[in-house]
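The structures come next, written out as structure tokens.
There are two complexes below, and they share chain A, which is joined by chain B in the first and by chain C in the second.
This part shows the complex of A and B:
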């Protein structure tokens, strides 16, 4: 009796690929849109001013590679690329230099006020950045560092500390304590334990923090907008922003797209190479 | 045993930089918001809570607040609706899971300014991707829509924003799904559970913690929203796109012409911070429940 009821209740099953067809269609719709949007931009960067306004999805009639050269030199993206490289490079190095030891101590040392201090660092992740616009501009003017890449670097370091410490504290806390104890028995002092034992173990975490900070700061735009003023100091996102604004007057859409392409292609290549690491880093703090 | 000297040495640089250039400036806005202050290097006049009274009567402030809350709630509804939908679809056993995850997350690693430029063109009435595609497939009347007219521009911006953030929360939710033991789903499959039942009775309860954190992250991001709508508005950001962050910036620095109402601008910053923390507390209350064992 049971056999027949079970058989009657069981629904006829379609083959797997048919059941998954709606999923494929919906997922591909989103994916196709994203890829098409990027392709459209890159394609438009290679057209002439006139062609871009009417040819739509057609391929460029003649491939105008000079649009890239124009954005790079006349649009000064070349200079801004160097500025970004400098600011982001120095900042990320300094962020890790100050955050890694701090995270280590917050995760592994025992002292009064440790939790309060950790919370004080972590709370920074909830502070809305626009709140800083005015006091930061004031402080940097006072230090005579406004409108300078040095000033911007200092601010970049400060705003990246909370999330970096949050990530690294979690990472250090998850390391086993046996190796630490063994190193102490071997006669290592506390600095040597950190330097020779714990830091090497934490390297995957440090690397993740490095990549995440690299991406965030490479694209950072709001504080740069507040702090930097002179055209020669612009970072890449600011340079692109001014290129886009100039385009409003000149109508040079292909020039703007050449700029957008120059800005996004390196990030997309880096992302294609490092995406697993980046995604793992993004989810590391949120999903335990 | 870590000695005290090392503790101090290791903590000092980060504490000084963070305290001096992040925490103290944040706290100082509370103080500045009590003054009338018309420029760096200018005298400050104490006006008490006057700036807040002015905010209360300022229609542009209310518009900015309304836009910010629309991003938070309307945008959030679509971001999480889509992120959940696509998490279920992508983890349902289709081929190419990693590739799809990569593409969905892509907007989050690209410069916001570049994305804004791209979307300006997607919406371009004459030659943009949407209208060109619409007229190619024969929908000529729809192809004449002005997506960035004053009535539409906020929603056009919000749609682009949803496109960016869906991918971000998708990877968080997918990472949470990966942690759910597969035998739970296998058991459900044996019982003949549908995709919807598996989602509602297994995925949602098991993802509760990830969801709570995701909501908090979204809340923080939505309230401080500045970069994307600002870049989307180009040279002269229209008021329809103002968020609290943009209005703060305009009041502090202006666009083409400087405004320099610094005390007033910092009062907007204080509102943003208070709003963030109040909403986080309320939401954690609402979502708190027993820890699930699995």
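This part shows the complex of A and C:
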């Protein structure tokens, strides 16, 4: 016993901060890179056309706020912003509305075929989205919903449900079952157990699902490109692309940077507001 | 007594998990106001029986009656029982008042009545100053009280306690044990309490139900079970340290008494009434406290292995000449050196005699 401790002490051991240094360097480098990119975009959005091409990392000489107005009105990002807000808002709401109770039942209820059903959702996660372009387009045309925000919402909902259910099933499974038993004895029916007890406890998980869906749907480009044709139906990522195309003729780079800023700001705000809860949610399943 | 006066009755209740029977033909009746402890080792089915009574588990056969009403297929909430869980199962997102009043909120009880009853229950348990706190801001003992409060506020016909003290430290466990017993005296409802701790069972119960492998081994008051155990299992499960079981050979058995050989020593015990032939092996049960240091030669000679001083009493671990071990619990402070020999007297009327199947040959079935 004594021998081994002495031997262990004799071995040269680096101080903690030295051992953690590579990890710190990596994290700080990543953070610096991300912040620099965001800073560059936002700064460039406030410069004049000429200054963007010349000054690089310098601060704007005069702050040209009108770039945002240009992107918003001339670039039609205002309209696209509303479209995105509608599609993403409705989709995320519907995804959670469907997935949360479904995940609860899959995690907790005992019925024949439960595992098969769970596996079906897992398989659903593995299908590459480009494989679905043609069938989705076919179905939407049949339903007369192609080139419509409703159609896009339906596709978003359908595609997000498997991964959301998978995520939430883990959360519900980690909650102690005695709480359910206690609620049942207090007179709750199945829905009341879910609503009054299990849902509030799974809130970190629901918020995690909310923010992950929010970010990926807000930035979704491929499906929107396939489904939407009319300019008035475009969502922000499509709008940004058309703005970039327009730049080739107008050379209004600050306007485009303003557009990029408009696209990224909402997700940054959402993440800032919800990240603490989301991290709590992500670690909850692990610790329990 | 008529069925209607029983607070609870189980008739031939069985429960299977897949192919495994966890409850086998359980018959049990509990009078109103009784404090009944279901006692047994882990996996004996005591918690399952309690969950069946609560309605959290379905039975495979048999009947459950509460106050004479068949509740076998009745929903848990409609059985008029309240349960305190081992983990307390407090709702973490609600404060103490909301936890206690949760059942009433679900039943849409008027707010004024709800707060009055919550406050009354809280006062009874001396937790009225904690009503605004969330469970995570409470100590283990306080959480325990809130869990009991949630049960009390409903004034159920039967309280169910599932090992409620096992998460508390030793000092708090003792204190809560006393308080629970007092609470039972004060409110007088029927209580069913599950534990594997025989001290809790002995101190709290009006009636103990000893269970093993899904069956009831014996039912009786704590002292009945202690003094008159039906078999080896009950005899060794109750009592701390456990009963010493010693293999002996019958020397002589008559109406006058039974003489057995323990190595070189001879013990003469009261007659059993069972037919025992000389040369037959029987096991005798000797409680650790039934020994005393012998005057003169004594009845049994042992070699001291180890001495544990508890202050008010002394535990002596020792060996018989044939190598079988004994634990003695002797009053006061004595300190025989290890390796020394002790001559012991045995309180003969406290001795139990077990046959090959472990049945107590001196068991008096009329006592139940």
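In this section, the second predicted complex is superposed on the first by the 239 of 288 C-alpha atoms of A that agree within 3 Å, B and C clash if a C-alpha of one lies under 4 Å from a C-alpha of the other, contacts with A are read in each partner's own complex, and residues count from 1 in each chain.
Convention: a contact is a pair of C-beta atoms (placed from the backbone, for glycine too) under 8 Å apart; a residue touches a chain by one contact, two chains touch by 3 or more.
Quick caveat: nothing in here was measured; it's all calculated off a predicted structure.
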item	value
Fit-or-clash call for chain B and chain C when the two complexes are aligned on chain A	fit
If touched residues of chain A are counted for chain B and for chain C, the larger one	B
Chain B versus chain C as contact partner of A:46, first or second or both or neither	neither
First (chain B), second (chain C), both or neither touched by A:167	neither
First, second, both or neither for A:201, with chain B first and chain C second	second
First, second, both or neither for A:181, with chain B first and chain C second	second
Which of chain B and chain C A:152 touches, first, second, both or neither	neither
Partner chain in contact with A:236 - chain B first, chain C second, else both or neither	first
Touching partner for A:192 - first (chain B), second (chain C), both, neither	second
Chain B versus chain C as contact partner of A:228, first or second or both or neither	neither
Touched partner set for A:258, first chain B, second chain C, both or neither	neither
Smallest separation in angstrom, by C-alpha atoms, between chain B and chain C in the superposition	8
Overlap of the chain B and chain C footprints on chain A, listed as residue numbers	184
Interfacial residue positions of chain C with respect to chain A in the complex	51, 54-56, 76-77, 81-83, 85-87, 89, 91-93, 102-103, 106-107, 150, 154
Interface residues, chain B side, partner chain A - complex	1-4, 6-7, 9-11, 13-15, 17-18, 20-26, 28-29, 32, 40-41, 85-86, 89-90, 92-94, 100-107, 109-114, 116-118, 120-122, 126-127, 129, 132-133, 136, 163, 168, 171-172, 175-176, 179, 192, 209-210, 213-214, 217, 220, 223-224, 226-227, 230-231, 234-235, 244-245, 248-249, 252-253, 262, 265-266, 269-270, 272-273, 276-277, 280
In the complex, chain A residues that touch chain B	9-11, 16, 20, 23-24, 26-27, 30-31, 34-38, 40-41, 44, 52-54, 56-57, 97-99, 101-102, 104-106, 108-111, 117, 120-121, 124-139, 141, 154-155, 157-159, 161-162, 165, 184, 190-191, 194, 215, 218-219, 221-222, 225-226, 236-238, 240-241, 244-245, 248, 253, 256-257, 259-260, 263-264, 267-268, 270-272, 275, 278-279, 282-283, 286-288
Residue ranges of chain A touching chain C (in the complex, touch as defined)	176, 178-179, 181-188, 192, 196-197, 200-201
